[in-house]
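Before anything else, here is the set of structures, which you'll find just below.
What follows is a pair of complexes built around chain A, which joins chain B in one and chain C in the other.
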Partner chain A sequence: MNNLMKKKVSVLDLIRGNSVPLMFVLICAVFIPMSGFSGSYLLNEIMTRLGRNAFLILSLLIPIMAGMGLNFGMTLGAMAGQIGLILVADWQIWGIPGLVLAAIISIPISILLGLMCGVLLNRAKGREMITSYIISFFVNGVYMLVVLYMMGPIIPIAHGTLKLPRGYGIRNTVSLLPMRQTIDNALAVYVGGVKIPVLTLIIIALACLFIVWFRKTKLGQDMRAVGQDMDVARDAGINVERTRIISMVISTVFAGFGMIIYLQNLGNFPTYSAHTNVGMFCIAALLVGGASVEKASIGNVFLGVILFHTMFIVAPSAGTKITGDSMIGEYFRVFISYAVITIALVMYETKKRKSQSLMGQMLAQAQKDEEEGKTE
Partner chain B sequence: MGKNVSTSLGNKTKFRQLIDDFGLPRVIITGFLLLLFISAPIVGADLPTQITNTINRFSWNAVLVLAMVPMIHSGCGLNFGLPLGIVSGLLGATLSIEFGFTGPMSFVMAILIATPFALLLGGGYGWLLNKIKGGEMMIATYVGFSAVSFMCMMWLLLPYHHPTMVWGFAGTGLRTVISLEGFYDQLLAKFLAIDLNGIGINLVIPTGSLLVFALLAVAMWAFLHTKTGTAMTAVGSNPAFAKAAGINVDKMRLISVIMSTWLGAVGILMYEQGFGFVQLYMGPFWMALPAVSAILIGGASVNKASIPNVIIGTFLFQGIVTMTPTVMNSAFHMDMSEVIRIIVSNGMILYALTRKTEGGR
Partner chain C sequence: MKGRRLIIRIAAVLLLIVIGFVMSIIGRGHTIYLDNRALDYNGQTYKAPYKVTIYVGDEQLTKLYDKERGSTTCLGQTFTVTLEVMETKNGAEETQTYKIPVPKNMDGVIINIPGYLAGLPEEAYLSEFVAAPSAETEDTTGGDDTSLPGEGDDLIPSDM
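And then the complex of A and B:
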């Protein structure tokens, strides 16, 4: 009987576990014909967005492995990447060397921010997500302080095109036109009108390989142990706090690289708002790919990018077709992003509670059995 | 870890203890505000005007901050889902105008119409939060965001027709900002207002708004001392004990969430009343964070809050928000107020979330 119940539960779990991707397949299936976009246009767009976003989303995987949930603090890395790009743009080092230099500049900033985030999250165990979320706002304030007030007087900025007319601070938009899509175009291949940015994909593949390799290292194993159960991991001699900090640092550095790849594709960025929504959209995409707060794979990343961004591309025009108002589709896709995250968080918390109460029941049963054994 | 805590406690001097009780960030923020008040006349800003602005903004925001109290008391944490209450309030505001009410009546009707929405949405929200005990704050944030973005679509789609509210050329879809002139703009603020402009001081006190806030605050204080109120506090401070004492934990939490949501609805109507405009669409999106950080600045923590916390916190927070731009501008010709506001408010929330002594699960 026990077996039967387990089977039932697992089928239900399977449907529940994949309900979000299934729902998105449905939404896309309805919206794509309505939007009236051609197949090659859609494929092209999806390919572009895959190259643009995949690396950023990969940066979320390691904190999930370490049991720290969705890293809303990935915005920190994004800001580090932007600072790197601003400096490189000022030094007029363009093309791939410029991007590599920006990545190198972002590393120490990312490490510092990641360390800070990790230390703070260690003080807020059990509510990592809300804390990392608030950290991202807090650091946004610091970022504004640095970019709006310190760039110019303290951090030398030579070019007037970057500076605000008042003489210090960076303009609202930083143009990266001379290095727009330099990585994407470096080894681009066209297949039936669809541009495939091979070099970008190679970089993303390398990041995937790194994550696969990292999972097998001692540190990666430790991280999974910490993610499973902090107390058990501590008893096993793992330095839990240090492991968690390292996972945040790696994630932040990755997010910095991801942001640089993201922005080279776009070719310019709004200095004070480019990073603010990146976290939300990346997390939503990962969750759409079937990931949960405690479990995410590389497969989830790619499935998520494709499904989420297909919805993102077709929603506005499909919305216009249905209601006659273009804003409806815009709002709809924002709503869906938030709703997906909400649903994923609710599912995670209910599951956690269920397993806790199940464990309690098992413990009670075991105690009861033991007592019965004694009396007999 | 345990060892560290005990040794640091042992080394604490009385003075350190005092600062720790009050919280270092609060000391810094209070000091900063005092500095602003002292330097305002020196740099040439008119102090009475500044005080008027601060009190004005206090009267707009205080009820929204008060909405934090019930949920903190019942252990549901900081109500990042405040936008849900705000959305109910906005529904009340727009429907009251749509139904053709004007003047003071439109304000009363707005509250009356908002109430069933707040009860309904708050009930659903409370039910959800009971399912996910322990993860309230993150989910509350996203429930709020989802509600706001869902309503963005609704503001466009719902059949509103009142000419003051819809886009002129299309005839449908609400405007992003609706003026309340002729409805309840400054309705309470003007009631019994004390205006010292007549004797040459630029000081205006919106007595009516403050009275309404005081009424709600006293009601909240009285409620917390009723049997239900004490039971709610018991649930917040020790759920296991409360359950053993025969209190229905889930019911208490549900009541607190509904109260919070309703106060959020009334809070936004009070805000609109002072501000003179209804802000729709993404307007309510970021309204939870200032309210949350205000109550924390006032001395509340993740699981403890009182009415004085609300009053002190709102005053300090709004004081900084209104004073920094003018003082900074006159002193350095440089407006850093936005940056300071972001760092102070989020720093305060961060401090509350990462304090080891509090609410550790």
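And then the complex of A and C:
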């Protein structure tokens, strides 16, 4: 009887703990037949999006490990990646060498931005997510200043095709045609009509291996300790502030690389808006994969990409079938993205408050028992 | 220990710089324009062959008759091309692969095939392609009297 109860509780806990992925499995199960897409088309799309987005989402794992929550500041790295790509496009360095050079250029910019973000977040402990979100707006302004006014007169831009007609600043769209899908097409294999971008997947696998290895290093263990309890970690001799800054720097550098992989798949990017939604959608995908503000794994990344992007692919078509208006589907998938983040944050806060209240009750009970014991 | 760490960091930075430099050499892209037209050089005229079939890699790029131009792209400072030359109509075809050095500082390069086949110096058969200035098109971004980029954009991203 007891075992049965335990099993029931554990099944309930399992459902409660994975409510977001389960909800998305349901949504996908309903929407996929409605969309009318063939299996191979869906698989092709999911594989493309897996290669495109997984690296970006992996960049979110390390700050979560360090207890800094969901890094909305990953857009900083995305901007660094874009600056690298703009310069490489101007210097006419094409193909994979161009992407490697863009990644190298993005590293110092990402490190600087990550350092700045880490230092600021250390001054806003406990409010990292909202702070990093606002920092991303601030750095977006700096990015605009650099790209819109400094590229041309201060940072040399040779090609008129990149510059605005007035002679300085970068045009609305930067073409990456000579680099388009160069990573995806290298070593690509086709299985049943589905293109598998082997080199992209190898790069993603290397990033996963790095994260697994990093967790086992002294720094990785320090980050986990900081993530669990900053005061205990500080008492144990860990430099909490430094550890948190390093986690932000690693995440920002990874986000820069991720953005380059993401944009090479697309083949062009809107200069002033490509980075703005990246953070939001990556965080939504990670949460859909079953991650939370305080815990995320590599498995969550892949499950999240598959579920979230399946919904992204089928929602417009299913929306058209249901309502006769494809815009409803478009709105639906954006609404879902923001809703997932909201629900996850509310659930996290509720859980935190519940556990705090439970701890308070236990403490009060212990004090009461102690007082009763004294009087007796 | 600190000294060793510093050396490793400097080595890592140097390695990245070297990789970046190598990438900028091997990844330098050029647009190559191949011209099959007569060339006048030092008072001598080099006539264009009747037909030149151009192969880049394993693929046939184009067939050029007199006064025709073909274009392709190339990475790095050497352009490898296979030319199948037919001097006169219904004449014999001669196929040969050439490795043409391309100057690093030129984005677009015009190669005159008759001049190159005649073994003329680089300044004779190779010139820089300069695009004719096109009419200025309106770009709404960032003009002094226009809205900021992104302002008024649709808030729904087209795709992820």
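A few comments on the model shown:
The working rule: the second predicted complex is superposed on the first by the 352 of 376 C-alpha atoms of A that agree within 3 Å, B and C clash if a C-alpha of one lies under 4 Å from a C-alpha of the other, contacts with A are read in each partner's own complex, and residues count from 1 in each chain.
Keep in mind that, in the parts below, contacts are C-beta pairs under 8 Å (C-beta built on N, C-alpha and C of every residue); 3 or more make two chains touch, one makes a residue touch a chain.
All of these numbers come straight from a predicted model, not from anything done at the bench.
When the two complexes are overlaid on their common chain A, residue A:Val334 makes contact with chain B and with chain C alike. Once chain A of one complex is fitted onto chain A of the other, the partner contacts of A:Arg49 are limited to chain C, with no touch recorded for chain B. Once chain A of one complex is fitted onto chain A of the other, the partner contacts of A:Gly289 are absent, as it touches neither chain B nor chain C. When the two structures are aligned on the shared chain, A:Gly279 is found in touch with neither chain B nor chain C.
In the superposed model, A:Asp325 lies in contact with chain B only, and not with chain C.
In the superposed model, A:Gly98 makes contact with chain C only, not with chain B. After overlaying the two complexes on the shared chain, residue contacts for A:Gly304 are found with neither chain B nor chain C.
By the document's definition of touching, both partners, chain B and chain C, reach A:Met144. Residues 144, 148, 331, 334 of chain A are contacted both by chain B in one complex and by chain C in the other.
Per the touch definition, chain B reaches chain A in the complex via residues 80, 128, 131-135, 137-139, 141-143, 145-146, 149-150, 152-153, 156-157, 173, 289, 334, 336, 338-339, 342-343, 346-347, 349-350, 353-356, 360-361.
Per the touch definition, chain A reaches chain B in the complex via residues 120, 123-127, 129-131, 133-135, 137-138, 140-142, 144-145, 148-149, 323, 325, 327-328, 331-332, 334-335, 338-339, 341-342, 345-346, 348-350, 352-353. Residue ranges on chain A touching chain C, taken from their complex, read 49, 53, 91-98, 100-101, 104-105, 107, 144, 148, 159, 164-166, 169, 171-172, 178, 271-273, 276-277, 281, 309, 312, 330-331, 334. Considering their complex, residues 16, 19-20, 22-24, 26-30, 73, 75, 107, 136-144, 148-150, 153, 155-157, 159-160 of chain C touch chain A.
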